[in-house]
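What follows is a set of structures to go through.
Here chain A shows up in two complexes: once beside chain B, once beside chain C.
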Partner chain A sequence: MTYKSQSVAKLYFIAAIALFVAQILFGLIMGLQYVMGDFLFPAIPFNVARMVHTNALIVWLLMAFMGAAYYLVPEEAETELFAPWLATLMFWIFLLAAGATVAGYLLLSYSDLADLTMNEMLPTMGREFLEQPTITKLGIVVVALAFLFNIGMTILKGRKTVVNLVLLLGLTGLAVFFLFSFYNPTNVVLDKFYWWWVVHLWVEGVWELILGAILAFVLIKVTGVDREVIEKWLYIIIAMTLITGIIGTGHHYYWIGTPEYWQWWGSIFSAMEPIPFFMMTVFAFNMVNKRRREHPNKAATLWALGTAVMAFLGAGVWGFLHTLSPVNYYTHGTQITAAHGHMAFYGAYVMISLTIISYAMPLLRGRNAANPAKSQTLEMWSFWLMTISIVFITLFLTGAGILQVYLQRVAENPQPFMAVQDQIGLFYWLREIAGLIFLVGLVLYIASFFVGQDEPEPAVAD
Partner chain B sequence: MTASTQAIPAGTDPRRPPGDLAIWIFILAELGVFAVFFAAYAFTRMNHVELFNQYQQHLDRRAALINTLALITSSYFVVRAVAAIREDNPRHCVNWLLAAVSMGLVFVVVKLGEYHHHFVVEGVNLSTNTFYMFYISLTFFHFMHVIMGMVILSAVAVMAKKGKYSAREHTGVETGASYWHMVDLVWLILFPLVYVMR
Partner chain C sequence: MAQAFTKTMARNIFYGGSAFFFLLFLALTFDTSGQLPSRDNRAALDGPMGETIAKGKELWEKNDCIGCHTLLGEGAYFAPELGNVYKRFGNSIDGIKGFIASRPKDGIPGRRSMPQFNFTDEELTALAEFLKYVSEINTAGWPPSDNG
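Here is the complex of A and B:
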């Protein structure tokens, strides 16, 4: 750690991991509810578990992105953070808001939560992933603005690197597109149309810039390859991301009442969305192969390579599977979507968060470069357990999805939704088992922060 | 250091494409998008031959021909710009680049005239019919590339004017030229496909 103010990142990373645990626990609850419908009913109904599962994911990823920015921006800009106290203050506000919101989900009925938070004054609740009470959304805006101000001022007063500028562009986009969560047209087509401006333009647009910037930063650090080379790759990747991803929003506009040309625009542009992810894979392996130093943090390098591969598989390949409109006609809203969602979120955004945490945490905790071998070994075990189990979750959900599409939409005598759900129960059971193994991986991951702390660091070989 | 992405001095290795290798990755990706678009056009036309033939008549082939000539000429100018810098003549290089950009400007003006006719006079939009959907999507996507190419060539011209390039090191000129030729090449497929072939 070169600059003292970078240490604020530690708070964000710890909270991110805690919320990660909550996300997985509620995922397991929901997974069981798929096959045992009344599990934990009425205490935690399915819709509440789902809300906590998805919202906790989003919040912890935001926490990790903010932590990443607070860590890497000062280092790239070669200056202390503009206002470390503001970063700490915003952390507590964000954490309290997130905690209160989850408590609201769990303790109150959703309609009571809406009444309590005076949703009727500015109605924004009730849309998938954006279920947060309006007051929480306003809190997120305040936190995001203060965060951007802090990061922006730091970049302005320091060295301007491509990594920092791409990161700032991504984070600004994140804040700007979130504003569409306040726009609730009564026309249901327009409502969905703009809802995707938050959801799609986040994960298939600006978040990819954040992902690219963090990956580039870690690769510069662990490989020692020239910055210019890495920056050139970053430029090409983000250009392709934006060219394909922005109009690629159209793959959500097939069946919601928008004009027909979206069938073409959506299909053609989103079919190209795997390209930047493929470039990212080539980029990461290329850089590691041409490395000029043997960085002792092997775990961080593993996470970085894992991100590149799994993001391509999850976001690229599994996204392409159902992105063409003639295919999507049959697959939309089935378990195929869930399969893609799980591997894409894990492969792209969870893994990049764990990459930067893996790289930065040892430094934030006062080590020279890396954790002791014992701790890294455990961390790498957790990498493989979590990654392999997400692959299995994805495969089982894909199996469930294919069967669902056939029975419900393709077969000569299509069956109703619930009748089909009964027949794909086996896949849900297998998914739940894979989920439990994921939890074991997560427990080992957390344990890796505590084992072998007294042992010496692996030697730095330049 | 990776050999595959690092800029190499121009003309030193005949096995390598001119310019920065990065632009070729980009060009490949761009051509991929256009290829899918062209294929989609071709397959859709197969099922709607009469509709496509009927509305193709409404297109201004003369304007498109002028634009074809403008782009081919601009590509020639770009070739001259690269030749000039190889002879260590940055002043000529700048002039040829500006000539190429002005040909790009001709393209833009003619195209805007064409759009004015279709959008304002005829009142066509993306939902009018499948042919116009493709016409507008394809030509507009290409139109944006022409503008992008003009920005790139202008940036290269500014750099050349500042004396950043020489006979020994002019990767930037070749990079910009490669991109511009791609824009030209795509039009050379787009023009017969959308305007002429029946």
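Here is the complex of A and C:
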């Protein structure tokens, strides 16, 4: 750690990991409710567990992105953070808002929460992933603006690197597109159309800029490859991301009342969306192969390579699987979507978060470069357990999805939704078992922060 | 080759390409806005049931229906698609109202069950009218089967 103010990132990373645990626990509850429908009913209905599962994910990823920015922006800009106190203050506001919101989900009925937070004044609640009370959304805007101001001022007064500029661009886009969450017309088609401007333009647009910038930063650090080379790759990857991804939004406009030409625009452009992810894989492996130093943090390098591979598989391959409109006609809104969602989010955004945490945390905790071997070994075990589990979760959900599509939509006598769900229960059980192994991986991950801390760092063979 | 393709060129492709395709996206959005009135069933929103439908959408959101169901294929995959439920229930407002009103308070042992929301008759009508309105949106022939 070169600059004192980078240490504020530690708070963000710790909170991110805590919320990650909450996300997984509620995921396991939901998974069980899929096969034991009355589990925890009516205390924690499925929709409540799902809100906690998805909202905790979103918030912890945002926490990790902010932590990443507070860590890497000063280092790239070669100057202290503009206002470290503001970063600390915003952390507590964000954490408090997130905590209060989750408490609201769990302790109140959703409609009471809507009344309590005066949703009727500016109704924004009750839409997928945007379930947060309007006041929480306003809080997110305040936190995001203060954060952008802090990061922006730091970049302005320091060295302007490509990594910093791309990161800032991604984070600005994140804040700007979030504003569409306040637009909620009665017209369902318009509602859905602009809802995707938050959801799609986040995860298949500006978030990929953030992902690319963090990956580039870590690769510069662990491989020692010339910055010029890495920055060129970064530009070309994010160019392909936005060139394919913006019009690729069209793959959500097939069946929601929008004109049918979107089936062409959406199919053609989103079929190209795997390209930037494939380039990212080639990029990461190339840089590691051409490394000019042996960085002692093997775990961080593993996470970086893992991100590149799993983002390609989850977002690229599993996305392509159902993105062409003639295929999507049958798969839209089934477990196929869920399968893709799980591996894409894990591969792209969970893994890049764990990459930067893996790289930065040892330094934030006062070590020279890396955790001791014992700790890294445990962390790498957790990498494999979580990653293999998510692959199996995805495969089981894909199996469930294929059967669901056939029985409910394709077979000669299509069957009702619940009749089909009863027949594919085996896949949901297998998914739940894979989820439990994921939890074991997560426990090992957390344990890796506490083992061998008094042992020396692995030697650097430079 | 490595020399021929410079970082500046990569940067220009990024800025130029992103700007171009974002503008194209805005143009398509503009065109879509022009076509929506003939597809999105806004006549129902402007008609005599408009206020009831708006009330129905408020209730739909206030009770997080999307947390279990899909609507035009978007939402959660725990409970049936509702974009076409009006048709599935034989074009019956009363059918929808009766189903929602009759959910058991403590659920069904061992099975998934919709919670009992204790809606008034007026609220049930609003929800059902909202679902009827959605079912009359032109969705390009989706879903493939009435089962959703």
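The rule is simple: the second predicted complex is superposed on the first by the 462 of 462 C-alpha atoms of A that agree within 3 Å, B and C clash if a C-alpha of one lies under 4 Å from a C-alpha of the other, contacts with A are read in each partner's own complex, and residues count from 1 in each chain.
Heads up, the rule we're going with is that a contact is a pair of C-beta atoms (placed from the backbone, for glycine too) under 8 Å apart; a residue touches a chain by one contact, two chains touch by 3 or more.
Note that the structure is predicted; figures quoted are calculated from it, not measured.
Chemist: Per the contact definition in the header, classify A:Glu260: touching chain B only (first), chain C only (second), both, or neither.
Modeler: both
Chemist: Going by the contact rule set out at the top, does A:Ser111 touch chain B (first), chain C (second), both, or neither?
Modeler: second
Chemist: Given the touch rule stated above, what does A:Tyr445 touch, chain B (first), chain C (second), both, or neither?
Modeler: A:Tyr445: touches no partner chain.
Chemist: First (chain B), second (chain C), both or neither: which does A:Tyr34 touch?
Modeler: In the superposition, A:Tyr34 touches chain C alone.
Chemist: For chain A, which side has the bigger count of touched residues, chain B or chain C?
Modeler: C
Chemist: After the superposition on A, what does A:Tyr349 contact: first (chain B), second (chain C), both or neither?
Modeler: Touch partners of A:Tyr349: none, neither chain B nor chain C.
Chemist: Looking at A:Trp60, would you say it contacts chain B, chain C, both, or neither? Reply first, second, both or neither.
Modeler: After superposing on A, A:Trp60 lies clear of both chain B and chain C.
Chemist: Classify the contacts of A:Ile268 with the two partner chains as first (chain B alone), second (chain C alone), both, or neither.
Modeler: It touches chain B, and chain C stays clear.
Chemist: Looking at A:Asn286, would you say it contacts chain B, chain C, both, or neither? Reply first, second, both or neither.
Modeler: Touch status of A:Asn286: first partner only.
Chemist: A:Phe396 contacts which: chain B (first), chain C (second), both, neither?
Modeler: neither
Chemist: Take the contacts of chain A with chain B and those with chain C, and give the residues found in both.
Modeler: Touching chain B and chain C on chain A: residues 232, 235-236, 239, 243, 259-260, 265.
Chemist: Which residues, counting only chain B, touch chain A once they are in their complex?
Modeler: Touching chain A: residues 1-2, 4-6, 20, 22, 25-26, 29-30, 32-33, 36-37, 40, 126-127, 130, 133-134, 137 of chain B.
Chemist: Give every residue of chain A touching chain C within the complex, in rising order.
Modeler: 30, 33-34, 36-38, 41-42, 45-48, 50-51, 110-111, 114, 119-120, 123, 125-128, 131, 162, 184, 186-190, 192-193, 228, 231-232, 235-236, 238-239, 242-243, 246-247, 249-250, 252-260, 262-263, 265, 329-330, 332-335, 337-338, 408-410, 414-418, 420-421
Chemist: Considering the complex alone, what residue numbers of chain C touch chain A?
Modeler: Counting only chain C, the residues touching chain A are 5-7, 10-11, 13-14, 17-18, 21-22, 24-25, 28-29, 31-32, 35-36, 39-42, 45, 53-54, 57-58, 60-68, 70-81, 105-113, 115, 117, 133-134, 137-148.
Chemist: Give the list of chain A residues in touch with chain B in this complex.
Modeler: Those in contact with chain B are residues 225-226, 229, 232-233, 235-236, 239-240, 243-244, 259-261, 264-265, 267-269, 271-272, 275, 279, 286-287, 290, 292.
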